[in-house]
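What follows are several structures.
Presented sequentially are two complexes of subunit A, the first with subunit B as partner and the second with subunit C.
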Partner chain A sequence: MSNKLLRILLADDDEDDRLFFKEALEAIKIKTIVTTVNDGIELMEYLLLPNALLPDVIFLDLNMPRKDGMQCLEEIRNNDALKELTVAIYSTSGAERDIEETFIKGANVYIKKPNDFSALKKVVEDALKINWQYHISGTNKDSFMLSI
Partner chain B sequence: MKEQKNSTTSTLFAISFIISISILLFIGSLCYKQIKLQHETQNLTTRAFKVQILLEQLFSLAKDAETGQRGYIITKNTAFLEPYNQSRYKIDSIYSDLYLLTKDNAVQQQNLDSLNVLINLRFDLLKKRIAESGITAKNTDSIYEKMWIGKNVMNLLRIHLNKMISIETDLLQQNQKIIKTALSLTPMFFVGLFAFSILLFFASFYKTNKSLKNLKQVNDRLAETKIELEEKNKELTFQSEEKEKRSKELIIANKELAFQNEEKEKKAKELIIANKELAFQNKEKEKRAEELLVINKELSAFTYIASHDLQEPLRKTQLFISRIFDNAEQTLSEKNMDYFKKIQASASRMQILINDILDYSRVTEKTEKTEKLKNVDLNSIVQNVVQELTLAESIEETNTTINFGKLPEIEGIPFQLNQLFTNLINNSIKYLMSDRPPIIDIQSTVVLGKDIANIKADATKKYYKITVADNGMGFEQKYAERIFTLFQRLHDKQAFSGTGIGLTICKRIAENHNGFITATGVPDKGATFAIYFPTS
Partner chain C sequence: MNILIKYDISLTCKAILQEQLQKLDIGYSIIGLNEIEFTKLLSTEQLEQLKSNFEKYGIEIIDNQKAALVQKIRDTIIEMVWKDDVLPNVTTSAYLAEKLNHSYGYLSNLFSEITYTTIENFIIFQKIERAKQMTISENFTLTEISYQLNYSSVAHLSNQFKKTTGLTPSAFQRIIKKKRENRAAL
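Right after this comes the complex of A and B.
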């Protein structure tokens, strides 16, 4: 798996966060190709393009303008072509409410954005190291929240 | 009815009166007739006697005349002629008397006529004899003859008179018979009259008496009735006076009522106004409550969003600082490095503050769906908290000992109870005495509500009293309330990190579980926090 390029899609409206995320990915050992979109609308347009090259993991921010991450998660899980996609929630919020709701709606993992770069690198690397084939969504709430 | 009876009685009375009068008149008339008859009969008797006497007188006169004539003839004395002459006149007057007396009797009149003839004849004979006496009697035979004739006439007269007397005697007898019968009837009539009169008198007396009695009775009754009527009148007068009084009283009462009614109406109006006011106030209150609900929601949303959105720039600030530390540690001057460290410390503090506010806002949202009450074993909660704190190394760093006895199972919200014990243990560790390692003792007992000296305790309930006692620096008892107030701190932040939110959250959590929390402190000795949860 580490020999293969992982296709990563990040949906985040914050330019700085997109930058930190890219830097973190560059700093880890896993080889990735990163695509970024600025909000939920752009994300869904990208995913629903004909012949779209679907990502291995989507990092989804929750608080976005126009269409937020929760809506995107619902649409993805309700779309037959997209519902098998791996979705990692990537949010500033650590609220129990948000964690609970995204778990119920079928997100695979929840990452609270860290306030330290090394922590960021670690949490992104951990997320990408998960063998997603065996990490089936909605089965284990204890491992859902990815602790830093 | 009575009138009818009266009228019939009076009619009867009149009829009986008329009958009585008729009978009386009848009897009276009979009596009168009787008396009259008697009177007439008496007259007749008297007349008959008179007639008889007169007839006797007539005969004796005739004899006197004869005697006188004889005397004269013998004596030639004229003195003897005296009776003769007188008797002739007397006979005439008697005769006329007789004639008058017997004028009703045709038979006697006839007899009188015959008598008259006989008397005249006798006197004629006498006269002749007297006349002849003067001449001396030549023939004695003629004298005898003449005397014989005279004697015969006298006899005839005698017979005739006797006949007449016997007729009168017959009449007398007849009359006496009539009188006898009449007289025998008359007393009977009188007796009858008397008896009937007496009877009538008695009847009328009885009747009158009865009527009088009746009248008296009626009168008495009338008098009684009058008295009764008078009494009744008095009564009525009294009653009417009473009624007037009552009516006056009623009028007064009515006025009073009217007044009261007006008062009531006034009050009712006032009430209506007050009601409207109340309704208005209620509406206002409802509005306010709605507004409050909205505000609360907004506030909670605000708290959440603010905390969330505040974290974004803060997190990025921290990230950038961490990037600077990573990339340019060597190139920074020591002074600038200090500044960056201070920025990082401030940012961390800000981070903690925001997290605490977030925690507080979460425990304030009591109606959260995900926070339904469940059976929670406090033993496992405390174990969990100790484990977490051990992982966080805060226990090891301070060499803290935590003891806990058997804790109960209560109905509660797990994450809040977790936070409660985390905050309390952290609090005890934070305010340790530097000369001795912290010892925290957690125990549970059951107490009665009425035995708890706290106004929040319900006297009817039982409570689990969970105490968290430490041997830290404690506090003065006067601050026991203040330490639970939001953002209130007993120490400056340089000496102790903290936001002044932790114990407020504990208080809130205890209240969310229908309980409460108290604190007792002794400076330099330690503090004890007691949380009371109602048993089931």
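Right after this comes the complex of A and C.
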């Protein structure tokens, strides 16, 4: 119930974006430990390790080489060990069709990548807060959809 | 005859913890030496069971009074929002203060201090969750939902829904429908 360290996993192929994101996490009130992977293949390998320490929230870039975010999302939702994980899509696209498509495929949060630091901090914090509210109330995450 | 033994106390404790925790059949991980994280919330009975199982090994669950009160605040809010068809028509601050026998100011500060949210936001979160469930069931109009959840108007409900989820109630309904069809097709 009390404030605990949240484990965050970020999958993004852009090094600058990863750095920017990590800085934002360090600057918010919620305390986190961040692990980053560079693409979808690495993400799935990480999640499927036999003793994987599963994250509280995955931030998933849609556009990645080798395996994109949408494929990862589908694999996560079709895997019994992973399907309850909170997945936040993190994308440059703000097109309504993309947003709906990811929710239909099981995303919990859709974040349109903001350009400035304070906006990024805010959306990341909002996403983690809502996730946390689901966690403490034990509410079914099926209806967990947040577009920011 | 005598034999001498030596043991690694932290390893011993960990083995005992694991043995007892596995009986619960709930996913857990042991963090460091003195914290256990569960993948689900434990029921009061499970917690009591664990307490008594631990007791014979001299392991004690530290009851944090503040945390316990925060859990009561959470439970009271959830009950208030979900229990009856129509939400009680009272100010929530008075409702919580009376149920929990503390001033609202105290409860509100405590909740903000221990959790990542405020009482107000947690109530909004629960109300919107209930609005979502009602939307999904398709048996209620927005007018009925706003009446049952004590919103002054449909516009007020729609605004709060949009603000909390980023989606309009109708977009939410459309998406959840497709999501279910999608899953059924698998």
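Just so it is clear, the second predicted complex is superposed on the first by the 128 of 148 C-alpha atoms of A that agree within 3 Å, B and C clash if a C-alpha of one lies under 4 Å from a C-alpha of the other, contacts with A are read in each partner's own complex, and residues count from 1 in each chain.
Note that in this section a residue touches a chain if its C-beta (ideal position, glycine included) is under 8 Å from a C-beta of that chain, and two chains touch if they have at least 3 such contacts.
This structure is a prediction, so every number in the text was calculated from the model and none was measured.
*Asks:* State whether A:D116 touches subunit B only (first), subunit C only (second), both chains, or neither.
*Replies:* Only subunit B; A:D116 stays clear of subunit C.
*Asks:* For A:F20, is the partner it touches subunit B (first), subunit C (second), both, or none of the two (neither)?
*Replies:* Only subunit B; A:F20 stays clear of subunit C.
*Asks:* In the superposed model, which partner reaches more residues of subunit A, subunit B or subunit C?
*Replies:* It is C that touches the greater number of subunit A residues.
*Asks:* Counting only touches as set out at the top, which of subunit B and subunit C does A:L53 meet: first, second, both, neither?
*Replies:* second
*Asks:* What is the contact status of A:M145 with respect to subunit B (first) and subunit C (second): first, second, both, or neither?
*Replies:* Touch partner of A:M145: subunit C, not subunit B.
*Asks:* Just subunit B (first), just subunit C (second), both, or neither: which does A:I30 touch?
*Replies:* It touches subunit C, and subunit B stays clear.
*Asks:* So, A:E100: does it touch subunit B (first), subunit C (second), both, or neither?
*Replies:* A:E100 sits against subunit B and subunit C alike.
*Asks:* Which subunit A residues lie in the overlap of the subunit B contact set and the subunit C contact set?
*Replies:* On subunit A, the residues that contact subunit B in one structure and subunit C in the other are 100.
*Asks:* Sort out for me which residues of subunit A touch subunit C in the complex.
*Replies:* Residues 1-4, 29-30, 53, 78, 100, 103-106, 110, 128-130, 132-133, 136-139, 142-143, 145-148 of subunit A touch subunit C in their complex.
*Asks:* Within the complex, which stretch of subunit C touches subunit A?
*Replies:* Subunit C reaches subunit A through residues 29, 37, 40-41, 64, 67, 70-71, 74, 78, 114-117, 121-122, 125-126, 129, 132-133, 136, 164-167, 171-172, 174-176, 178-179, 182, 186.
*Asks:* Show me the residue ranges of subunit A that touch subunit B in the complex, using the header's touch definition.
*Replies:* Going by the criterion above, the answer is residues 14, 16-17, 20, 63, 92-93, 95-97, 100, 113-118, 120.
*Asks:* Considering the complex alone, what residue numbers of subunit B touch subunit A?
*Replies:* Residue positions touching the partner: 304, 308, 311-312, 314-316, 318-319, 322-323, 326, 347, 351, 358, 362, 368, 370, 415.
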